[in-house]
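By letter and in written order, the chains are A, B and C; residue numbering begins at 1 in each of them.
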Amino acid sequence: MRASLFITCYNDTLFPETGRAVVRLLERLGVEVEFRAGQTCCGQMHANTGFRREAFCQAKRLVRLYADAEAVVIPSSSCVAMIRDQYPGLFEELGDEGLRKDFAALVPRVNELSEFLVDKLSVEDVGAYFPHRVTYHASCHGLRGLHLGERPFRLLRKVRGLELAPLANLERCCGFGGTFSVKNGEVSSAMLTVKLEDVLATKAEFCTALDNSCLMHLGGGMHRQYAGMKTIHMAQILASTVKEPAEVAG
Amino acid sequence: MSAAAEQTVLDRAELDPAKAPPFPVAALPVLRNVQLRKNVAHAIDVIQAKRARLVAEKTDWQALRAAAAAIKDHVLENLGAYLEQFEERCTAAGGTVHWAADAADARRIILEILREEKADEVIKIKTMTSAEIQLNPFLEAAGVRTYETDLAEIILQLGEGEPSHIVVPALHVNRSQVREIFARRMGIENLSDEPKALTAAARNYLRQKFLLVPTAISGANFLIAETGGVVVVESEGNGRMCLTLPRTMITLAGIEKVLPRFQDLEVMLQLLARSATGERMNPYTSLWTGVTRGDGPQKFHVVLLDNGRSSILARKKERQTLRCIRCAACMNTCPVYRQTGGHAYGSVYPGPIGAILTPQLEQLRHAQSLPFASSLCGACYEVCPVKINIPEILIDLRAQVTDQERKTAGKFFDPMYVAMRSANLIFSRAWLFHAAQKMGRIGSRLFTRKDGWMHSLPSVGAKWTLTRDLRGLPRQTFHEWWAARERGAK
Amino acid sequence: MNAVASSREQVLGRIRAALRGRQNSAATAGQAAEAYAGLARDYTMRGELTVRACQERFVERLREYDAEVTECAPEELGSTIAALLAASGRRIFVAPHGLPAEWLAAGFEWKIDQDLPAEEIEKADGVVTACFCGVADSGTIVLHHSAKEGRRVITLLPDWHLCIVRASEVVETLPEYFDRCQVSGIRGQKIGNEGTREQGNEQTGRPPGLVTWISGPSATADIEMTRIKGVHGPRFLNVVLVKDGEQGPGNRE
């Protein structure tokens, strides 16, 4: 099986260790990973901030780039949600029938990471070892956009040594919301404080999620507060083995 | 209590979208108001828990939502026809139907009716629509005393405050504040702050008003086209008082309130109370049709209000906004509303529905910050009984606002606009993106401290570092690592 | 009145312009009827409880909101009413002019409502009425304000309301209540109810013109979400459920 990794603009720049973990994990599971050099961004930031025209450009590029990919894997539920929820409307508005068809053909081949593992590879035990107490944060796009449901939990429960601590008020938004985090910085911060109450109450060593966007916000807050908990993308937990433990950045 | 006791001053909130400060600014004082945040969180937790329990027991909940959305969409697609049918039937049943193109029109019509009736006082059933058209100050200025009869509305009227929620408008006020307001304005000595005592005080205060004031104003939850009937849903009984005892009844209703048939209430009534107050059915729901001889008001007027609703009809994506049945489930579940309460929205309609309805009613001349007052978490869409896809509309409104703003000279150099245009350019070519990443890595070193994190950023970034650190840019991007790996493999 | 006419034309004109080009849009409500008939309604129409269970649920839901419920056999109705009135400690009662004479228990002062002024009704301690229907799911009593249910004001001003509900008048779901109104339409079928009971406004096949759905004594949670019963409207609701053992439409088991 061949999978084309769409790393996402912010992971490429800020969280390359997540990408490295995805590659290590998929190769361990026998997947041949390719990486198309022309990739940049899915357009979500622009689309959600009102810069629709700009989002069109990025959407077109992405569809053209992956038109012939066997499968696209994306370690970011918000980017997958952008493609599934907003691209249809964008392409309809653009009125380009060819592009719309290409997109329609591509979309079944686009996978968020946990979807790829559980649904396409039919695997829950990925042979991971991560001997830590961990709590899982359900990002809104993953929860309500992609309906990931039990997938992340099923994967985490099979990780050896991992103690899963449930997060109270799991469904409540952490307050990141993309550019909302700066356009409404104070409200975003209030929401962060409320969310961190629940996160810290788990007494976990790590807070994990399938989106580094939420983790950047939660982790940034915890770092500011000297909170004694770290964040880590779930790909890095799943890639972690006894021989090659996870890269845990400071 | 001594005479020198402090007078309760309820938060002066500006709910006129033309005057209200933008959401990020309006939210600031609220975020610092500990009492208010506590009250709001408590109130919505209570309603949410009740709602969740009842929805879980209702096995056909999703089917009801689907049917309600379909009925409402059908009405909107045929709005003119159904309104005309309502007008015809209501008139045949003895009512008088008026049409109001906008708020000023509606106020004028209502005042004219009151003048004809020589009314110098009116009792009112709570209706957000009358707040939308700013009716009370207008009538007061014209010499007509208005008496709110809903408990929350009395608290706000006597305390000179503003509603912060569409179903529980005074949820931001606590009992000691209510006690002080009632004691002072109703002239009661030794009034306790027990809700029971406060409610009894309101009951006594209003009794005479109900029996004596001959003119009443209401809103409507639903208008029935088939029969010309009007439906009001309530809990306290003040609605029944106002629509039974007076001589003249005036109902102000948005044009989107119409339903095709009486039997459509079987869907709407099952959804509304569960969503609004977490009850299977609210205590009193009343339906009346025109005028019934010997029972209730003998003069009945309906004022059908447009005020921007017809412009919402025109846009395909936005039309679903008009499905709203004003249950407030969206704001009860909204994590943003939870922190800010209603006043931050600068509109009589707050929360997620306010964020899409108000800018549209204002035709994007005002309230442009509201579509951005959301983290797009989608919780509102999940609970909306008529399945309004609020996040989708928020995103579309953001695009409309941005398209409008980017034309103005001032916005061209706004840091956010500059950043977005630059980012788009950078994303348009992989080599540009890579070059920008390299530059970013170098530039960010300025801000990166010894611990490898950035603690303080300029411009747009300052709002991030208000409360969060940002990890410094890694020395190697993922694509650089991949390229090196490929090279090494060869 | 020119200004009024043009507002109407303005609003309708805007609506027309907004909907221009939508093929679903009809010029008249009659034309919209076909689209309306095709709307999907997959929600529960009929309940699944047995007759007995349905009545039990009705009683349970009534008691949940602190209504007093007394069950009795049809032949015991008169005496049950008398006992409840006596137990209430109240003396003056309003009755709708069509209330069965057997229900006007002796030993109390009865004001029969033939357009009583509000001040007179205010002097009463309570009111006794029949009802159109009960809905078990929500513990709702529905009044259509017929001759034996009375004008709306008489169940509003007095503080104590005794409502007589026949078991045969209790349905489980709200859609079943709407069926009972005998308005043909959504479900196409006409439900026959060959009884001698009054229907709505004495007209079968047409929706009622006046309805009050009562699901509890008045209440508010406006002050700190503390639920307080009895704001306006009767604070005390009493129900007699007459086990007349019949079932109307939707008879199950």
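Note that contacts are C-beta pairs under 8 Å (C-beta built on N, C-alpha and C of every residue); 3 or more make two chains touch, one makes a residue touch a chain.
It should be emphasised that the depicted structure is a prediction, and the values quoted were computed from it without experimental measurement.
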Which chain has its Cα centroid closest to the overall Cα centroid?
-> B
If you tally contacting C-beta pairs, which comes out ahead, B-C or A-B? Let me know.
-> B-C
Centre-to-centre distance between chain C and chain A (centres being mean Cα positions), rounded to whole Å | 53
Between the Cα centroids of chain B and chain C the separation in whole angstrom comes to 30
Multi-chain contacts in chain B, i.e. residues touching at least two other chains, fall at none
Indicate the residues of chain C shared as contacts by at least two other chains.
-> none
Residues of chain B that touch chain C when the two form their complex = 39, 42-43, 46-47, 59-60, 63-64, 66-67, 70-71, 74, 77-85, 93, 98-101, 105, 109, 150-152, 155, 168-171, 173-175, 178, 195-196, 198-199, 202-203, 206-207, 210-211, 224-227, 229, 235-238, 240-241, 244-245, 255, 260-267, 269-270, 277, 279-290, 292, 294-296, 304, 306, 310-311, 313-314
Touching residues (chain side chain A, partner chain B) in the complex = 7, 9, 11-20, 23, 35, 37-41, 43, 45-54, 57-58, 61, 85-86, 89, 140, 144-145, 171-173, 175-194, 216-217, 219-221, 223-224, 249-250
Contact residues on chain B for chain A in the complex?
-> 23-24, 27-28, 31, 317, 335-336, 338-340, 371-379, 381-382, 392, 395, 398-403, 416, 420-421, 423-424, 426-430, 433, 437, 440, 451-453, 455, 460-461, 463-464, 466-471, 473-474, 476-483
The answer for chain C against chain B in the complex is residues 4, 7-8, 10-12, 14-19, 22, 24-29, 31-32, 35-36, 39-44, 61, 65, 115, 118-119, 122, 135, 137-140, 145, 151-153, 156, 174-175, 177-178, 181, 183, 185-186, 206-226, 228, 230-233
